[in-house]
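The two complexes that follow have subunit A in common; it is paired with subunit B in the first and with subunit C in the second.
Showing the complex of A and B:
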């Protein structure tokens, strides 16, 4: 299949059978045109060239173009294809799955979806893999669409940061989302996705019922998406420090939600969906960045297609072009720019804006700082979550929605407890082709680990009580209770009840530390016009290493990638950071003085600057060698985006539908729901309705 | 930012940044060169000769494309043995393509010394003897064995000196060190020493180094505080946990036990880690006491777990 053999993995993956797609779609449905015909025609299943359509100079022609192959895009593509449309997915990355692939696969839907019904009845899955009893009582999964819709538009809920995640959601979209949750769950199951027992609910998915299972595969002798099995090597569980080309993040044990031998994470969701899409005949143009929408008039008429540019990803060490894990359905197009006609329409599913510092600076100017990436940047590459879909929509007159909702979910920006890597969100190990883009896996020190060091800014000054830096506000979700910012728990929760937000209650449950904001503050090294806060560093000594057992070695840290430094003296450590970190713009001139002052505070037993002594013991930074690990502020996901109606059609600034333009997932705003459930249902809705469009 | 000698700066050409731009005399230093502007665009991906004033090639610099049109690379240069200014020229081999060279200009300075003090106890009983370790490093990594370090009590009294050992501390490249024994004063409170290492007498010119250390002088510990540390979920003893009642501290042994000998008085006790959320309790120490600290585990979860 063109994939390089991994010497550490057994060749036991069952590939898609090279049979004709079962959908009955004709080859005329997918047409390559113009000078690139030779390239397109060389791909199995790709059609022959044709003339340009309707006077436009199109390079390709298809019923539906889907921009982005993540949770919304893959779902939309399969759904539209199932309903008879020819579909081409363009994705800027070398492989499919987007962030779904490195997710935890916690897929919160509900409304009486088939998995809730299964667990309520105490039944197993169709394969009979699940042998454990339901985690939740039947009443906790006894759900319906009305209750789900009520939950996700609840005006009364306030989180522990005093933000309101549900009241600002777009009501028309939420109604449609709730109505389509059960069908989407069944659709995913029909495309090889297997769900564990329901266990709680994802943030933003409501607080009245349990609605979220994980996705799982069973460890076995072969990797077979149809059968739902995966080898230990492919799952990344055969060796603690190695994963595979199939699984960027090592899969986790799911035995308590399924049975012994079950493993879970986004691999068990993204790969089955991708397999199904390829098997059915969906086409993919990878290494291809969606740039612009082509509309009849700049702000009027139908959307006719897209332009997309070549965005090749090469191994940073070998320079070789990366290849997707599976190849079937790929269109190998390497021209700099192509125009693709979409006869029925375009679905924008290219993700949010978390990886675009300029865009996210609209919400928090401090996060224009480019040192801080979005999560999974190594996997996604430099164009991941770059707001391209939202910007393209804005250029043809689309309205936006939920622009304030970035502030209502604690994953949006936070400080990671994984230190020593820029890609601090994921646990990717060597063995995946994109590991070299991060260079180190990092060390997850947990919240407790923050008492072992001092944290300094780009000029070497402390800026906050270290042990409070990684603390995060909690999330309003089932099973509720005070930890989730709610006065009642489980089935005692009352939606739309004023008591959920009475000010006495808010005062009692408010729980937010502002260390993140101190980390992003201007400092004497910040310079106009951007006043970047600069990188931040954990500084500690060899005693801390020996106390904690942190493994200061590859693959956890890498002395060559700019995110870990070790030195004989503090002065030398400061010099190494300055010379070796790509975003360290100024010297850490104050670091020696800061460490000396800190050691004096330790001797005194008091930290007059940040009152560390109130929360945890203080340790000197004195025993050489000295160490520095990067601390990352991560902007994980984003919530402001294109405004869509209940059919996932993009709406313009006059409230009118832009014909031929749909959107889903993080490209859409007005839905303050974290995770996958938003994208999959959007994809299902958009795929359904775009297929109904007249060509 | 150094500019080519005798030429007006050309803004379009961009800037040359050197990290570091100060070199120790006679030392070998890895230098990071960052170019911006049009020059960066022309030279990204090329390898340059770094030529000294005699025309000898000192190093080669491979420039890689960076963010925002910049180009960067590293090369290792040996500084001259006299302080002042040193300039190299970076140019394409054979000055091909007519591309003009550009200068890399550095300040050359004497070596500096750096002092590090560790294993200093936070609490010492009145009049007790204790030991600490002192390390000395030259910014150029010079061999400092045999050099002397002096500690002078801030409150007055005779200084103590010791000779640096022959080998660098384990895990360091060139931190030469020694152990020094001191005696605590007879008065409670914080006692301080000034630590000095002079640059005189070393083969290359070195600047002096100074540091300051403190110890808390305490009355004898009359009461024994016995602490057992267990995991809240499993009740399994936790070895290696920190037991701290400032300035007294200990680590739990393999059976999760630690003892502190405390003078009477009010104390805040912390018990923490590894991988557990700190436990704290405050009270008056008036007699021997036994405490069981039950710690909640702070499992290092993946981000996916945290948010799901």
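Showing the complex of A and C:
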């Protein structure tokens, strides 16, 4: 195994690690108390009391505190460290990467970035791994900052749900974002990230040009971030039902965008960045939840630091504390609460609010229903995307931005086609330390699979045409065209053209059924005070299993985790769901009657309730054993958050900068861009400017 | 429609009172044939899919009857041959596409088509996908190509579940629903569609051999049995293999 040979690998001894770079982090509390000297050896540097901190009871001091180690946080940390600051990242999870780690690594930047230029010239990557020709024609990647800025502030674009992804974006922030895209791409490449050929554009990244490559590694004999190689075991591709501690989601074939033997996904982005950060000397305090900002006055003065609490994650089966894949640079701190002084400032990069039902209920009250999680539930744990950064900012007077944009992006919430697991957004197989939090990988049946069952609500009633239930509005992205809601495709697209949203056009291309809203509707099981809509279930028989080839076994489903049930009668199935599912608050009293009615409709060839016969064949639910798989509504990512200026400084309700406070990524609002491109560039901008602050 | 052609059509209708009814009948059966054989590439409304699949709506070439009869029977470019279509069926199709979507190239008679088909060969017997039309080693090769080229969107289980959850779920490429969608079409249509239109991000990047291997893999996952020989890339031969939903 290559990992053993690698000095940064898990479980390597201290002797094989290179000398610790000077961190500049002091550990006042521990050293002053003279306690835990052995543990304290993990942190270099003598205590450095500072005048500014006098009278404050700080446990640690550092130039820059970054709250959150995902795409925005890791980028910001490396950038600030490169510019001379000492940096401590606190993250609530046991490992780094946030949701970048489970992403598809489809990193949409542009503005004439180095990868666009490379593909335009038809060149290979610096390593020479890429042997396939560019996917896009040179004209399709011929981009510039002005065009990118125009695209991401285009008022005229609507999607197939008649939502406007660019209209409400913050202008000042977007200008700075566009200007920093090319430099950020280069920065990532300088930190071991390797990009495939450009293949279109990711949602929210504009529609005039192709701007998004994936990140890749090459399968090889060793896992080596510097060389850009990974073993098949570490990549999770050696066995179809195993993944690894390095890669929570099995990596995907990238041969058509690189060369044979290339694999891609967020692992090829998050792990190289993390490796580089650790190698350079960034410090990390994991299992540590960012709670509050410390400001000189409640609503005035500089931000001085943060408070953060211990948030250990233990394996639900063994009870053991989880450990990060790499350990170098980790600060092992287990006190309940610590105060960390940030001499230059704090960067809030702690994610969005999709995992906080009370917070997200502001935007869609029905999604206060806690049965439905955000994506990455297992990977991130209960504090993932819990709005902590936004709430902490609000407590010191920060303004908010783009809160209504939660409702105007297709991935915000949708019904997953992965059934039988609570963690339904992504795949993850046994072999990753957090698999036990989900207990089953689920079965991804695709849209096509929804014709094989009836979908019922918490009282056992059908509520929508199953075939139309999972359909999502499409995402605006290059190459555009009617499927993306645009009257023109590819280079024929015209930004800021009134014809992009004339009402005749919208009537023609509108393409959305509100299955999700029906799934969240109140029903007779919705009780005060919360009126929760409850879980939803796919009900089918053994014939459906035979028709589809769905594998009703571990690790795909798990009869013990509350998300899959099997029984010989419908009545027994209903009883099992009631007894075994954590959010099934009422009995599915109508299920037997619903199944009988459905079977009658099948015999008649017509479904008077939802007109299913128009969309797909109807199959009876009649051959035991009968099966029930959970169907999940996922609120994936959120788009409202802290308001920042072009330097990623948080501003208050008077439009004034809150000194010493920066933010990036999903904690920031006013940018309806899905995914990574937003976070990395914010991190780059924030890291650049915070390093210039006086200590 | 030119004035001269419109005049001839009027004369014909005047001379034969039943001609209008025949034309309507032909066009109706042509519509069904079109949906089954042609709409995959040329679109339900004849709009085509630029740049590979030409639009039929507003296409001047349709006036050239010998050319379109020859194309249907023998194939051309990415268009597969349809050797099993009879003169009646070709006449119906030609009438439908020449009189639909604003086209005014006029109806076609069975006699006209029969005359044009006379010079073309009669063809070999038809098989279905259940007769062992691909090799098992070929399907294994196809799996490798599929995983690299297709699985991202169509899913590693060929069920349309995209590997990347940000992506839309796509059409399944195997099993019940796939077979239902393609039921009655020839393997040549599937083969030509695949090599011309896929992968979406980079159409035309597959070799013909890879396309055939991928189709073989799709058939194997769908339960169709392997046979003694690989599926070739000869579209005349592929055109004589029908995708039948059931054995």
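Heads up, the rule we're going with is that the second predicted complex is superposed on the first by the 644 of 695 C-alpha atoms of A that agree within 3 Å, B and C clash if a C-alpha of one lies under 4 Å from a C-alpha of the other, contacts with A are read in each partner's own complex, and residues count from 1 in each chain.
In this section, a contact is a pair of C-beta atoms (placed from the backbone, for glycine too) under 8 Å apart; a residue touches a chain by one contact, two chains touch by 3 or more.
Every value quoted in this text rests on a predicted model; they were computed, and no experiment measured them.
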Based on the shared subunit A superposition, would you classify subunit B and subunit C as clashing or fitting together? clash
When the two structures are overlaid on chain A, which partner does A:660 contact: first (subunit B), second (subunit C), both, or neither? neither
Of subunit B and subunit C, the partner touching more residues of subunit A is B
Which partner does A:569 contact after superposing on A: first (subunit B), second (subunit C), both, neither? first
Which partner does A:112 contact after superposing on A: first (subunit B), second (subunit C), both, neither? neither
Taking the superposition as given, does A:474 touch the first partner, subunit B, the second, subunit C, both, or neither? second
Have a look at where A:579 lands relative to subunit B and subunit C in the superposition and call it first, second, both or neither. first
Please work out whether A:135 is in contact with subunit B alone, subunit C alone, both, or neither, and reply first, second, both or neither. second
If you stack the two complexes on chain A, which partner ends up touching A:442: first (subunit B), second (subunit C), both, or neither? neither
Could you tell me if A:451 is touching subunit B, subunit C, both of them or neither one (first, second, both, neither)? both
With both complexes superposed on chain A, which partner does A:417 reach: first (subunit B), second (subunit C), both or neither? both
Clash-bearing segment of subunit C relative to subunit B, given 6-14, 96-104, 168-176 or 204-212: 168-176
With the touch criterion stated at the top, can you tell me which subunit A residues are shared between the subunit B interface and the subunit C interface? 104, 106, 202-203, 252, 265, 375, 411, 416-418, 425-427, 444-449, 451, 472, 475, 547-549, 616-617, 674-675
What residues on subunit B touch subunit A, complex-wise? 19-20, 30, 32, 66-67, 112, 114, 116-120, 122, 135, 137, 139, 168-169, 171-175, 190, 211-212, 214-216, 240, 242, 244, 246-247, 249, 251, 268, 270, 272-278, 298-308
Mind pulling up the subunit A residues that touch subunit B in the complex? 102-104, 106, 202-203, 212, 214, 249, 252, 265-266, 370, 375, 411, 416-418, 425-427, 444-449, 451-452, 467, 472, 475, 541-543, 547-549, 568-572, 575, 578-580, 582, 596, 600, 602-605, 613, 615-620, 622-625, 636, 674-675
Inside the complex, what are the residues of subunit C that reach subunit A? 147-149, 151-152, 155-157, 159-172, 175-177, 180, 199, 201-202, 205
Can you list the residues on subunit A that touch subunit C in the complex? 104, 106, 135, 199-200, 202-203, 240, 252-253, 255-256, 260, 265, 375, 411, 416-418, 425-427, 444-449, 451, 470, 472, 474-475, 547-549, 616-617, 674-675
